[in-house]
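Paired with subunit B in one complex and with subunit C in the other, subunit A is shared by the two complexes that follow.
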Partner chain A sequence: MKKIGEILFKSIVFTAAILVAAALFGIVFFLFSESLRAIKEVKWGLFTSEWFPVWETPEFGIRTMLLNSIILTLWTSFIVFVIGIVVALYLHSYANKKEKELILGVFEYVSGIPSVVLGFFGIVIVAPLLLKAGAWTGQNFFNASFMLSVLTLPFMISLSYQSLEKVPKEISQAAFSIGAKQFSVMVVELKYAMPGIVNAVMSVFNRIFGETMIVLMVAGGSNLLVKSFFDPIRPLTATLGSELGEVEVRSLHYSALFFIGFLLLVISLIITILTNYVVRWRERWIRG
Partner chain B sequence: MKWVFRFTTYCILVLMLIVILLIILPGIRFLFRPGFFTQFPKSSMTDGGIFPSIVGSLLLMALVFIIVIPLGLLGTIFITEFANKNFSIVLQSLAGTMNSIPSVVYGLFGLSFFCVSLGFGTSLISASLTLSTMAIPFFINNAVEFLRAVPRELREGVIALGANRFETTLMVIKSSKNGLLTTLILTLGRAFSETAPILITGAVFYATKLPTRLTDPVMTLPTSIYAIVMNLGEKSQWMAKGMASLMTSIMILIYSIVQILRRHKNG
Partner chain C sequence: MRKFLFMSMVIFAVLIYGETLVIKGSNTVYPIAQLWIEQFQKMYPNVTATLEGAGSSTGISALMNGTCDIANSSRFLKAGEIEQMHKNNKYFVPLVIAYDGIAVIVNPTLGIDSISIETLYKIYTGQITEWNQVDPKLPKRPIAAYSRNTASGTFEVWLEKVLKGEKLSPRIQMLESSQAEIESVSKNQYAIAYTGMGYVTNQVKALKVNGIEPTVENVLKGKYPLSRPLFVFFDLSRFNNMWPEDNAIADYIRFILSPEGQKLVEKAGYIPAYGTEK
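Let's turn to the complex of A and B:
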């Protein structure tokens, strides 16, 4: 009797775990199968620059949106990376305990602000300021990049801070004892914490690339390649958010939107796998 | 050098504080308006309250709670207590991978699987299943650490006393309940603030009545903020301000509880 109960329990927990694995394959499968129609019918037309899904002869080119997404993501992750490292280093090397608690606490609260609220903030507060400063539209590249930085900075800072804290004390003490200045010690620690920081940057990149609400609300929504900081743009995810609500199910347009989703999924999976690989490789490189 | 670092850090800190305050303060007085929480919105959302959005969000969270607790907990238990080493690594990295997929992709999956293939349509149940698909890996990812942290000796001690697998597992859960609670709160908070998946699978911008069945569409707080800001004029913006202030206050409350629990755990 006891045996049966144990087997039953084991099979229940097994099913729960398998469901999770099945969900991932389900996601890949459904996104691919729904985008199949667009792949078959539009073919390489999917990568041209014009996106006019509701015209008489519709065009489904996502190149401009893809490039805008990439430019926005690269630029914002760069800013977040630089500022994040500086703040994490300050917290790790100089700040006292009270300061650390206060600053990390505030950042944790910021990380809890829903992205739709940040989008709202971008429209209601940042956009009028930008207009006053002379931009011709308040919802633009700069605004989106700013709000995305606010969204991801807390994340970047806490991840890099944690990996800096994990650097063994002996490493920095050894550096100090051979006469290194604080700055050189930081370089050493940074090098040691590199796997964690690489992981943080890649996650930030992934998050910005996939973030929908903020770009949908404050990026401006015009499908032109970005040329200046104050140009309105439309990244891939914004198109998904704005058009999916109104599209006819299983139409070509629907399928093309799923193709965008599939592309997002593939890029995100590639980044995740690459991150795992790089992190493991760097770890081996550092720890021998 | 130190001063450059300090200056940058404090600039960012002040910026973040300004962002929080500018979100919470402008809307906070609307939270004390009579009827803000109990009335339906009136005259194209320029008057009235946010009652249907609150009910929608609460219903959604309740369903997510019901789905995530058993599946997330059982999945975590399997990974830490039952699976052999390789299998548990595979499952854990699957959960990690799912955690990094953009939320809008979950929305697409939910649209094609729950809304269209299973025929639930734009509804409460589609939205909550979609949110749960997203929340379970997040839960597992965080909860696994807490179950792993339970010392081996404790497990061995319980087994030595003659407990079976089930009782051992119960003990493990009991001794990591603070961590599990933290994880659960964070998971719900994340599901609560997520917008894009609900926007695609279950939300309507305006409902005249409350959902009565699982297949009814709902209004929720985040999607209402989005709808008001994008589609309605200045006169309705006060409602979005109130809701933004409310949502952010709830999230701050959630993170405060988490911080307290964390401190409690560390003694």
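Let's turn to the complex of A and C:
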């Protein structure tokens, strides 16, 4: 009897695993097959800077949007990385128990805010402030970057903090015992915790790269390559979110939008795989 | 169990006796049609009406191959469609059911009352980027020009009447909704945008275009340059080219052209084509 139960359980778990893998494969295949028409008909035109989907002679160039997406993501991830580590270090090395509880508690609540609420906040509160500060438009690169930081910082801080807490006490004690100052001890601990932190940054990177609602609402929506913090931009995800709902099914425009989706998926998959490779098998690269 | 039996009997009865009304087409007409079928279903509970917004072209081609009863459209038939219609011995009746008037809006504090289509063209194609180029009395500040996203029906009018098919400047900011436009223009002193006339509030100032005020009267008189009629098409050849009297399509058309139906046009933010008084 026990054996039958075991077999049954195994087969259920096995089917579930297969289903998940099949779903992932199915999504990739679906996105690719739908974008095939655009790839065949527009070819390298997909990588020009002109995106005019509903004009008499339509153009489907995504270069500007792709570059804007990448620049916005890199910049915001960098900011989140720096602030995240500083706050996590403070919590780990200086904060007393009460402060820790308070700060971590606040971040736990902030991390539950839906992105559409953050986008709304960006429009109603941040945009007028930016206008007062002299920007020519309230929805811009800075606004999007700021709101995306608010979205991802709690995540970054709690993950970095957990990685730091996992550093064995022996390591910091050993460092102290050979006469290291507080700062050097923190460097040692950071080095030890780095794989976890890198993992967190990469997740943040993926999250920002794929985030749609916030950039749709506050990034500005113009196909302008960003040159200053106050330029309005339109990342790839915003275009996808804005246009997919109304496009004629199976048209060239539809296919071009699926190409964007396919590209987003491929980039995010590559980043995830790269992170796993680096963190799992090349820890030494990071720890030095 | 009894409930289930009753429900299935009702569904069965509807399937046998009930008529269906399949409506497809323009996204611009969609909000009006949504209000219409909501009311229509209450008046004629035995008719099952379905509505799909997938663009004017989709609606007209669905009417052509008989997969819908009513096609909503934000434009008249194209030459190729008329040709194909004749070839298939069909006759699509065009009914003007509303007008879509577009107001050009700026912040109330900006010292400007009137703008020409020519200037709008220059702003939206990027030839003009600062307010003092529009009028030397205005401050030398960058113009924050907003547009609806390309999926919007209002954008189609803009593309046709202001841009004249020309490419939009990359400086122009695409917004997702009319509310977002009103919000942005009311906050930014140097912003300009356009929106359906029904959406204009007193937080923003609607400009005269080529000297004509954007009012319902001026649209109905055909004076205001930024407007277009919205259509509903149905196929007369299905009824041997005789005007239908007693089926779902006839009931629907009678309803949408009635004062009650036209009031719903107003409610959706458009200009009724016919009187709304009883």
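Definition applied: the second predicted complex is superposed on the first by the 268 of 288 C-alpha atoms of A that agree within 3 Å, B and C clash if a C-alpha of one lies under 4 Å from a C-alpha of the other, contacts with A are read in each partner's own complex, and residues count from 1 in each chain.
The rule we apply is simple: a residue touches a chain if its C-beta (ideal position, glycine included) is under 8 Å from a C-beta of that chain, and two chains touch if they have at least 3 such contacts.
These figures come from a predicted structure and were not determined experimentally.
Once the two complexes are overlaid on the shared chain, A:Ser222 sits against subunit C while remaining clear of subunit B. When the two complexes are overlaid on their common chain A, residue A:Pro53 makes contact with subunit C while staying clear of subunit B. Once chain A of one complex is fitted onto chain A of the other, the partner contacts of A:Val249 extend to both subunit B and subunit C.
Between subunit B and subunit C, B touches the greater number of residues of subunit A.
By the document's definition of touching, of the two partners only subunit C reaches A:Gly138; subunit B does not.
Applying the stated contact rule after C-alpha superposition, one finds that A:Thr64 touches subunit C and leaves subunit B untouched. Looking at the shared chain after the overlay, A:Phe30 reaches subunit B, while subunit C stays out of its contact range. Of the two partner chains, neither subunit B nor subunit C is touched by A:Val185. Touch criterion met: A:Ile123 reaches subunit B and subunit C at once. Residues 123-124, 216-217, 245, 249 of subunit A lie in contact with subunit B in one complex and with subunit C in the other.
On subunit B, the positions that touch subunit A within their shared complex are 1-2, 4-6, 8-9, 12-13, 15-17, 19-20, 22-23, 70-71, 74-75, 77-79, 81-83, 91, 93-98, 100-109, 111-113, 116-117, 133, 136-137, 140, 164-166, 169, 189, 192-196, 199-200, 222-223, 225-226, 229-230, 237, 240-241, 244, 247-248, 251-252, 254-255, 259. Against subunit C, the residues of subunit A that register as touching in their complex are 50, 52-56, 64, 123-124, 127-128, 131, 136-139, 216-217, 220-225, 232, 234, 242-243, 245-249.
If you check the complex, the residues on subunit C that touch subunit A are 27, 53-55, 57-58, 141-142, 144, 149-152, 155-156, 159, 165, 167-168, 170-176, 180, 183-184, 187-191.
Per the touch definition, subunit A reaches subunit B in the complex via residues 2, 5-6, 9-10, 12-17, 19-21, 23-24, 26-27, 30-31, 34, 83, 86-87, 89-91, 93-95, 103, 105-121, 123-125, 150, 153-154, 182-183, 203, 206-207, 209-213, 216-217, 237, 240-241, 244-245, 249-250, 257-258, 261, 264-265, 268-269, 271-273, 276.
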